[in-house]
Structures are given as C-alpha cells and as structure tokens.
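By written order: A, B, C and D. Residues from 1 in each chain.
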C-alpha cells in the first residue's frame, strides 16, 4: 500500500456516523473511499453542497456538479446545494464537525502552514483558512517527511502559517499524533516502525504515553 | 375625497415604469391602487418578496403569502421570494429606487421621525430605518397637520429621529414639498388652497419658486 | 441527527430564562403549534428573539407568549402590533432591545455564520446609535452590532424530509433560515414530513445538519382555514 | 429593465482598467461564452474579482483571460490551478490580493448589501492579518475586511425568464448570486431563456432587478459535452 492510501485509510477511521466533514483536495478526498460500511458521514464541499456522493459515471456527470477540486460529483439523496456565502456561514459558524486538510508543515503548538512557499509556490489559501478557523476538529493529513527527508512535524513551522493553534490530530505515513495543550502526543505508529524510529523522524518533541498503538488500516 | 386618498393618489404620480418601490403601511400601501395604467412598478415587501400583486380573493388567499403589514397578498408573474437577510441586502444595498413611508414629523434638513413618541407610543422602527438609509429616493406621506392642528412639517423635528437628511419629497393633503440642499421648496398645493394658506400651515420655512403648481389627482 | 418528535417533546428542553428565537413574521412562517405548546408549558422569564410582535391586534402566534407573560426580555424590530407587549414595555415589566429589521436579521446571520458583527449605516444620527461603537471603514463610519445566538430556535418550514432538510414556501421563510443556523437546539415545525429525496437539493432552504428535531404541525389546508379566519375577522380579507 | 442581447454586445461596455467580477468556480457556473467574447475583444488591464482561477491546468474559462494577459489585478482566494496566473504573479506582472474564500464572498455580499465590511476570525496569526484593522467585539478580536464592488459582473445561471429572473442549478450558483448584487452592470449568461412565470417565485435565485442584460449561452446538453470532454481529458472522469 502506498503512503497516500495508508494515510487516507487511517483518517477514515476518525469518521463517526452523522459527522459533517469537509475534505481537502488529495489524500483527504481519498479518505472518503475508505469510510467503514455503516458509517454515514455527511460530506460538505465548500463550493456549495452537503451530501457529496461517489464519482459519477460518464453518463451521469453533470456540468453543474463538481467538488472544490473541479472533479465531477454526484449528490446523495438528502443532499442540499447553496451559494458560497451560505457555505462559509456553515464553515465559519462552527457547523462542520471535522475538516481533513493537507499541509506543508504542522507544529507542536497546533499551528499549520499549507498555503504558500514564499517566492516559490503561491497557490493561495482557498477555503482552507476558513475551514481551519471554523471546523470543530482539524485533522491534518501529510507525509511525515518532505522529499528531502526533512520532518514536516516541526517544533515551529517555518513557512507562513494558515492558522494558529487549531490542529487536533496529525495523521502521517509513520504515525498518528494528537495535539494537546502539553504538546504533541504520539498515539499510534505504522506497523513496520518503532517508537524510536518515529521520534527520530520527527523534528517536534513527542510526548510518549505508556502505550503507543499500532496503526491498522 | 378624503385626505388619505388624496395623498395616496398624488404619490402614485411619482412612480415610473420599472421602478423598484417599497411602500410602508397605510397611505403608502394605498398609493399602489392608484398607479397610472401602463406604469409597471415593481413592489418590494421587506418581509421577503419582489413583485407584489393585488389583494387575493378569499379562495386565492395563501397562509404563506402576506405583506409586511400582515395582509394577504398575491404575487405577480415574475415575482421572487427570499429571506429577510436577502431582503435587507436589497434595501440597504441601494437596490430599492424609492420608498414611501408615513411619518410623525419631517423637517427642513430632510430629517424624519416616524418610530416613537417617548413614553407614549413605542412601536419600534421595523424595517423603516433601513429603508430610509438604503432607498435611493425617500418620499414621505403624511397629513400636513396633526390632530391638534400642529404642523408636522417642522423647522426641526422634535421627536426621536429615524434618519438624518434622507427625505427627498414630502406629500401631504395640502402640498408637495421638495427637500433640497437650500431647504424645503414648495412645488404644489392642494386645489382649494393658496400658497399663503400652506405657508401659514407649515412650521418650517418654505422656499417659494416662481411657479407653484396645483395638485391634480 | 434529526429526530421526529411531537410538539410537546420538542419544547420540553426550553427552561426558564433561556434565550429562544422564534421564526416568522406577523404569524406567517411562525411555528404556531410549537408556540401553543410553549404557552401550555408556561415556562417563564424567556429572552425572546423575534423580528416583530404578534399579528396585528395581539394574541396570535408569538402574541400568545406575551399575553401569558412568559417574556422577560425581547430583541426585536417592532412591537407595535401587540398591545400586550406595548403595555408590558411601558409598564417596565419587559425589557425590549429595538433593532432596525435589517440589522436584526444580519446579527442572527453573524451569530450563525461565525462573523464578528454587523457594520451598518442604518440608524446613524438616531438614538439607536447612542453608546454604540462606530467603526470607520474607508473614510465612512458604520455602527457596530454584535452577533445574536440562542439556546433554542423554533422555526417553521413548509416541508421537511426524514433527514431534516427543510423546504420553505412563499414568503414564509423570512427569519427562519437565519435562525436555523444560530441556535444550539433547533426545532422545525412543518406542514408535512416527506421521504428523503422528495425535496430536491437545490430546493433545500435549510440543510438537515441544522435541524435537531422535526415536528409535524398543522397541514397546509388547516393553516389556510386558520389564516382565512384570521384575515377575515380582522378585516384584511373580504 | 433587463435587455436580452448577444454576448458580443454584452461585453462591449467593458473597457480597459475596469473592475469586473466573474462568477463560477473552476469552470462550473462560469459564463463561458461571455468570457470567450471578453477574450475576443482583448480589452486589457482588467481588475478581476473571481473566487478561484482556471479549471486545473489553466486555459479554461477565466483561465483564457490570464492566458491572453488581460488581467492587471486580481482579487481571489486561489490561483494555484492556473499556471499562467502563477507565472505572471511570480514575475511581478500581476498584482494579486489573496483572501480566504469565506472572506472573499462575504466582502462581495457586503458590497451588494450595503454593509460596511466583514469581521472575521479567519486569518488571525497569519500574514493576511498584517496591517489589517482589528476590531474588538465582546472581548474577542476580529479582522476587518472592506466591501467589494465592481463596474461589471459577468455571471451564469441555468435559466432566465424574459424579465431577467435567474434560476440556478446544482452547485453552479457558488459566487454568482452575491456578485449579481455587487456590480453596477450585471450580465447573466443562461442555458435557456423562458417565459415569465416559468420560474416559480421561490425558485428565483437572483431577482430580475439585479440583471441588466441576459445572454443565451450554450444549452445544458452542449455544456454537458464540453465538461465531459474537459473531465475525461484531464483524467477526472472515466
């Protein structure tokens, strides 16, 4: 299983029946494919709907239905559509139970950087900053290290922040880390790793509880 | 013809085809019955519609259709309904061409008092203050004098204001008065009156142009 | 998850001193059955948030709450249609906070939508501006109004599906969609409850995630008779 | 009064340096025909207000404007899908004002709705907060954003009636209803033009009073083929 699918599968375990969830582009969106049978989460898309369904067939694809990544979507029975102003009242107003977003870096204070690399990559924040400020629970999905092997779980973010102190849970290909008032608590590690491996691969200090579970996906 | 109908008829002459108009309760609402044939004004009701039609028959009355005074209404073909938040975006945003409102007093500075008589009558401002602040043209419909014979067209309003410097036109049973930067200009008088009669009946100073027309209703 | 319950159960959560939003406008779009139950329960000292008072003359819809003296504090734009509210207010038995109607609804939208407040020109130079913060934006001053939220909202829609999605009808939506977003517990009274899928996604006025409880009220035909009587009796319908 | 005109006439009012809002989101709900005409006309130095950039990869919808170098300034929440926008921005040829998406749309709503600005928590502690006014409301600080308005808005709806009332479909409404209220001149591109009365009052998403011109765009079936090609070619549809 590749790292991205591993992360997506683990994130899907966070979902509970009836939760309103907004998924960012990439790994977060992929996590929807792994929601356990019988767990009905209500997917919100910030471009204007609640009740996102699976991808359509070519025949069912509709030019007026796409997600925030531009991909064609279907709507489940009981879905609702609305304009952006209402969509962000839902998001900012605290009516989204959880958002799952990708990140460039996260840190010990629950800070997150995911919208720009100065002078290099400037996509913009899109709806991300509002989701970070408004969602009740923020889950970050990212690979533990960047392509140079550098830890993305930092003592302090180096890149421009997207939000301060909002991250609740960090899910990577190596570990599940909870953000607490005391700092980052290592909750689970990938099957092939030891706690020492994860600590070594992490720039931030990790609090090690009595038991650290193994991720099962 | 009674004073109220006289005022309503004169006000209807202010309407032009395609104007978006919000009418207050009482004489203003009655003015809709006197719109000249062929002049299609678009009536807005602040409780949530554009395209107000005539009163319904008993068979056509609908428990989900009423105006801001609680009276049953019909909607014309091409009408639109919306919630209060949108309705007041329309009003505050300058998208209503004219509002016609009743008043307790108006004055030389275009001030208007129409929402309370301290300690005595405190209905509240309803949507009136937003209409006064937002409508492009404010027409005030009122009897020239109160029941004690006191002029309601004042040098300075004595009652708590609803808005400052917003009134454009004053229509009473005695006169049509335009509010200008220089002060109140007497434009028209009722058929049975002289200019001197109107000046005598008015607390505010009136600017008298070369010609003062007679109101024809 | 939205539960489908009866009116009596739905108002059971409302306790003395709570802040309650009630949707509707002079009876239209008001949750009449829920109000009746709230009156029957008799819970007092309510802090009520309602855009206007009773249908003219008093005693209808929210007017039953004032008549039963259940309101201690009222945030509204207008009480003039309800002689009982006016009487209690002038006697000092009722605290009333008057808001321009557009400000009133926008405060609720801010409460539900996570915004910090309303900046409006409305009311400048009047006594409602007194003591209120003024914020300058691009050289112009605006009055600042704080957001409004509630413990409970009692709202009314035309239809609800079994998930809790609401569809509105006519102009009866008025304050209901905004209030649905701004309260911790939201009860919607509807004319009918339909299967999921009957209300098309683009006709959902309030998504089910805002609705905690759905109550079947009088149906459309019963309401037509009720409003016809009301309108005829008060001389507003021939 | 809404006039029914063709796309070429509709964009004729847009002149160099004007502020233009364009509705839609990554192609969906974008006025594709009007954009094509704006590109054909070649008018430059536009100040564009659009929630996001082109459909991913660039060159589609609003992406045609960046490719044709017609944009001098852009107010948006995201440009990352349009390589041409990113290139021009990094080269200093294009000024971009980044807004969180919820703030972006609310600024437009304020512009259209006569409110003085947006008060939001979003962006606190980030560089978007730098130099921005902070307003304290009930002990909590909020960032103040000013309203947005435009000379022209080009929007897209599903159907328009001959008066100019617009009905939206699916999630293609997105930024269109807000932009319809915030521009001096509003052109709506629609799949079909229908008789007055066909769109029920409660299904009107934008009332006709906001629409200055109505343009018949590609019909729904043509758009389905266009988007199917787009999605299949970019690997987003099997």
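Operating definition for what follows: contacts are C-beta pairs under 8 Å (C-beta built on N, C-alpha and C of every residue); 3 or more make two chains touch, one makes a residue touch a chain.
It should be emphasised that the depicted structure is a prediction, and the values quoted were computed from it without experimental measurement.
Novice: Going by the stated contact rule, which chains contact subunit A and subunit D alike?
Specialist: Common contact partners of subunit A and subunit D, which must touch each of the two, are C.
Novice: If you average the Cα atoms per chain, which one ends up farthest from subunit D?
Specialist: B
Novice: Whole-Å distance, subunit C centre to subunit D centre, using C-alpha means?
Specialist: Those two chain centres are 33 Å apart.
Novice: Indicate the whole-number Å distance between the mean C-alpha point of subunit B and the mean C-alpha point of subunit C.
Specialist: 28
Novice: Taking each chain's centre as the mean position of its Cα atoms, how many Å separate subunit A from subunit C?
Specialist: One centre to the other, that is 37 Å.
Novice: Need the CA-centroid distance for the pair subunit A / subunit B, whole Å please.
Specialist: The mean C-alpha positions of subunit A and subunit B differ by 55 Å.
Novice: Which subunit B residues sit where two or more other chains touch them?
Specialist: In subunit B, the residues touching two or more other chains are 49, 75, 81-82, 88, 91-92, 133-134.
Novice: Among the residues of subunit D, which are close enough to touch at least two other chains?
Specialist: 106, 109, 114-115, 120-121, 168-170, 201-202
Novice: Under the stated touch criterion, can you name all the chain pairs that qualify?
Specialist: Final set of chain pairs in contact is A-C, A-D, B-C, B-D, C-D.
Novice: Using the touch definition up top, name the residues of subunit C that touch subunit D in the complex.
Specialist: Residue list for subunit C touching subunit D: 106, 110, 114-121, 135, 137-138, 140, 142, 144, 146-147, 168-170, 201-203.
Novice: Flag every residue of subunit B that touches subunit D in the complex, lowest number first.
Specialist: 18, 20, 42, 49-51, 75, 77-82, 88-95, 133-134
Novice: Could you pull out which subunit B residues touch subunit C in their complex?
Specialist: Against subunit C, subunit B makes touches at 45-49, 55-58, 61-66, 68-72, 75, 81-85, 87-88, 91-92, 111, 119, 121-130, 132-134, 160-165.
Novice: Enumerate the contact residues on subunit D facing subunit A in the complex.
Specialist: Going by the criterion above, the answer is residues 25-29, 51-52, 55-56, 76-81, 86, 89-90, 96, 98, 100-103, 105-106, 109, 120-128, 158, 168-178, 205, 220, 223-224, 226-228, 231-232, 236-238.
Novice: Tell me, which parts of subunit D touch subunit B in their complex?
Specialist: For subunit D paired with subunit B, touching residues are 1, 109, 111-115, 161, 163, 165, 181, 196-197, 201-202, 204, 207-210.
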